[in-house]
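There are two complexes below, and they share chain A, which is joined by chain B in the first and by chain C in the second.
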Partner chain A sequence: MRRDLELIRNETVKVWKKKRFAVIVLILLALVPVFVYAQMKIAQSSQGKYADWRAELRQRIADNTNALTSDRIPEEWKKWRVALVQQLQYYLDRDVNPNTPNAVRFTNTFLQNAVGLFIPLMVLAVASDIVSSERSGGTIKMLLTRPVRRWRILAAKLVTLSMYVSLILVTTAAVSYLVSGLVFGYGGWREPVFVGFKLNGSNMDTTGVHAIAQGVYMLMQLGLVWFSAMTVAVIAFMVSVLVRSTAASLVTMMAAVISGSILANMASSWHSAKYLFNVNLDLSVYLQGSPPPIEGMTLGFSLAVLAVWSLAAIGVSFAVFTRQDILA
Partner chain B sequence: MQKSMTAENASVSVSSSAETERERESRVLREPPVLSVEHLSKTIRGRKIIDDISFDVRAGEIYGFLGPNGSGKTTTIRMLVDLIKPTSGRVLVCGEDVNKHPERALRHVGCIVENPEMYGFMTGWENLDLFARMQEGIGEARIEEVARIVRLDSRIHDKVKTYSLGMRQRLGIAQALLGAPKLLILDEPTNGLDPKGIKELRAFIAELAAGGMSVFVSSHLLSEIQLLCDRVAIIDGGRVIAVGDVHDMIAQSEAHTLWLFEDPEAGRRLLTDDPRVEVADGDRALLDESVLLALPGAVPTLVRQEDIPDVVARCASAGVGVLAVQRVVPTLESLFLTLTGGERDASGS
Partner chain C sequence: MRGKKDRLWPVLGTVCLLCTALLLLGFGWALKDAWAPSGGLALPSPTQATPQPGGEWTSLPEIKAIAIGDSLTRGVGDVAGKGYVADSLDELSKSMGKPVKLSGNLAVSGLEAAKLNELLDGKAMRDAVAGANLVLLTIGGNDLFRSSQQSGGSIAEGGGIDPELAKRLLPTTEAHLKAVMTKLRAINPSAKIAYVALYNPFYELAQLRPAIASILADWNGYAVKLAEADGNIVVVPTADLFEAQSARYLSSDHFHPNGAGYARIAIRVAQALD
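So, the complex of A and B:
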């Protein structure tokens, strides 16, 4: 056990010294202010246009309802708009502003938008070369000729990876909160958010809707994002075991993640696509109550698909790594 | 920094090894083998890369593993340290099966397989620290010690990517020595080193062996093995074609003698007429070409050493001036010819 902790420490040190995490933090520090600025501009322009938030909300509802009557809008978009209109109406009826600008709301929106591409890409920065770099650098020969069983080394790498994934998520949320707070203020933890919207055909079922604090919503969202990020990490881990070159492993995984977000937008009539891991990554749609990319997908379904993919990836990684001949 | 790796201890080890040469040999013979390779075979994609290799390495001996490039040396070494699983056969280190219990067997092994690749983005010290943590009971004192042994202590806190090849080699050796192994495996350790570095490495290896460590060295250069090793296994095409004392093998193989005359034509005629001498020109001359550089125009021959004085005397009496007579070390090719020619069998240690 003590040896295993030492192994985990070794792997953590390697990733750290490679400055992967530093790069991720720099990217966040460069990008988040850009998003904050954009959000600030939006807030300013609507402040000038509307008397208060209720007027703005009514206008949005009217705009989206009008759009629904147009024939040119594809069916999936309509569904999404129906859901949005009904949610906005719900907020209006209960006199709750869904868009008060504050750091917690900004962070929630940011995480929501980052879960599909941005966070997977940051996770890949660590996951893609955690094994393949040892092979392309030749250090695997030193690593595997020490008196430690191979599965222990791989397990240490997996634990290290999951720690970094968690760290990346927490850092993303923290940077987002701290930077946006400068502009929007650091409040908003207790503001209510309605969850539990259910879509039945084209009708929104609001019987299960209840309010939770925005801070709680953020925790729930972080949990879901973590799950989806871990799935990406573990599959990238497997690719990293299978592929010798770090570039090849990174490109493979990026292609998988990006094609997932493309598929989610176009494959709504190809139903079996819902078993692919990459269309299931956006778990936060379930929390928002927006319609899922493919009909029949639920939170439980997506979690199950991701879990199956993850377990299979871990199984393949260990099976290959412990048996594989290190030929060159 | 460029000082000899072994300056301090070289004299000690030389005297001690001279004094106990015989004793050591007999002690070594009594002890069980540190490394025991039994009927090792490896088939990759239907091709038999390694075919039924067996040999033993005893405690404190420097064992050579000689073969041309592509003969299966590196594949064999990778099987010795569990990087490749053998198709059949087994490797025992201090009685432990490397494939079944790597965590026990590899405790006694330090190795460098091909190039000594370490993490370039970390310092030498951090690299050693990393590998020290993978094994029980290696503390900071030991890391300091091995850094000093390989004379890297002045640069140990620099990033490895700034190291020269020689320094990386030494860091690799330091890593291999961390766990005070009973067996050190070095794969073509002199590759890429300059002559001075090679000489230092040789002295260093001799010193380690004098301290009781077994050293297993692979090379494609016969002279390298000859200078370094006690015993040798010669591998070609994935098979061990001979195992034995390296000096005996060389003594048994055809050694060329070069003759340089004042009058090359007369000299050549004289040698051709002599029944004890075989002129070995052209294809028969399996010579290292650099040897001929020193004696341009020399006649390569095969002749028994005891006949040389007589042949020289005949030349002199015939009025053919002899400028030089030189015996040259056989090349790996000529040793192969001897071994595979079936004339003399050096196998069976």
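So, the complex of A and C:
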């Protein structure tokens, strides 16, 4: 046990010294202000146009309803819009503003948009070379000549990776909150958000809808984002074991993640695509109550798919790593 | 060097563990909320918007307008997407010498009178109408002309229109119009309502002219009757605008006005209101 802890400590410090985490923080510090600025511009431009948020919301509902009447828009977009219109209507009927500008709201929206690409990308910055760099750097021989079983070494690396995934997610949320708060104010933790919308065909079932505080929503969203980020991390971990070069493992994973976000937008009629892990990454759609990328996907289904992929990836990683011949 | 390294691990390790615990808590909470939700936050009950103070427009510093109805109010057919609403309000503002502000265009293309009647029960519409001094309205065209399209006929050629069916639809549609007007009045007792009457989009088809003319006369006449009974509704006639040179003022779908057609409607609306 002590020796395992020592291994984890060794790996953690190694990643830290590679300055991977510092790069991630720098990227966040550079990008989040850009998003905050864009959001501020949107808020400013709509401010003069409408008397109050209710008028703006009414107009949004009317505009989206109009888009629905066109025959030319694809069926999936229609479904998405129907869900949006009915949700906005629900907010309006209960006199709750779904768009109050504050740092918590911004962070939630940011996480929602980041879960598909941005967060996987940051996870890959750590995960892609955690094994392959040992190989390309030649240090793997030193690592394996220690009097420790191979699987223990790999397990230490896996634990290290999950620790960094947690750190990255919390840092992302924290940076987003702290930076956007400068502009939008740091409040909004207790503002209500409605969850529990269920889409039945083209009708929104609102029987299960209840209000929760925005802070709780953020925590739940972070939890779901964590699950999908862990899946990406574990699969990248496997690729890093299988592929010798860091660049190749990074490119493989990027291709998988990007193709997932493309597929999610266009594969709604290819039903078996829902068993791919990359289509299931955006778990926050279930929290928002918007229609999933492919019909028939539910929170439980997506979690199960991601879990199966993760377990398989872990299995392959250990099986390969413990048997692999380490050549020069 | 050695000392620094020693401090890094305890701090980093603890922070990472705490982050993981936090995320696991969030994950568990999300699952619980999705599968076994509890009651949720209690919210204050929503407030109803109070109707705008009535009285003469001359005494108001600013006129708030709302546009509701179907594709004509939405501006379908106008390449610029403007329709008649913005222009007529600009014109009105000029002639009255005070700002006329549009607080929203809630028109939905394809809307029928019965559906509008239903929408007026919703909070969105009620609040919007209650907060306005002026309501611009178009409705009925879809009920009478689109519903009487026979299957297979193309509306662009007008070939599919069945005037007999449109005639049969008149009584129910008129009842819906009356219900809409009554509801608008109930929500806002003092707002002025401008109803833009129907025109014959198939004027080019000579064989349909007499039949549609009689339908339009019936419908528009009914609207005028409603307006007279109310006293604060104006009916803006448009049928004559699209007769002499209908091709010039109708858009490529041969049904909705084009930009120039909407500009003519806008002038009429402004004149009728001032």
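One rule holds for everything that comes next: the second predicted complex is superposed on the first by the 328 of 328 C-alpha atoms of A that agree within 3 Å, B and C clash if a C-alpha of one lies under 4 Å from a C-alpha of the other, contacts with A are read in each partner's own complex, and residues count from 1 in each chain.
Basically, contacts are C-beta pairs under 8 Å (C-beta built on N, C-alpha and C of every residue); 3 or more make two chains touch, one makes a residue touch a chain.
Just so it is clear, the structure is predicted and the values come from calculations on it, not from any experiment.
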Superposed model, chain A: greater residue contact from chain B or chain C: C
Touching partner for A:Lys18 - first (chain B), second (chain C), both, neither: first
First (chain B), second (chain C), both or neither touched by A:Thr65: second
First (chain B), second (chain C), both or neither touched by A:Arg9: both
Contacts of A:Leu92 with chain B and chain C, given as first, second, both or neither: second
Partner chain(s) touched by A:Glu295 [first = chain B, second = chain C, both, neither]: neither
Partner chain in contact with A:Gln221 - chain B first, chain C second, else both or neither: second
Contact residues of chain A, present in both the chain B and the chain C interface: 9, 13
Complex contact set, residues of chain A against chain B: 3, 6-7, 9-10, 13-14, 17-19, 137-139, 141-150, 323, 325-327
Chain A - residues contacting chain C, complex: 8-9, 12-13, 16, 50-51, 54-55, 57-59, 61-62, 65-66, 69, 89, 92-96, 162-164, 166-167, 169-170, 192, 195-196, 208, 210-213, 216, 219-224, 226-227, 286-287, 299-300
Complex contacts: residues of chain B adjacent to chain A: 44, 75, 78, 81-85, 102-107, 109, 111, 113-115, 117-122, 126, 130-131, 133-136, 172, 175, 179
Footprint of chain A on chain C - complex, ascending: 5, 8-9, 12-13, 15-17, 19-20, 22-31, 33-35, 37-41, 43-44, 46-47, 49, 64, 74, 101, 103-110, 122-124, 127-128, 131
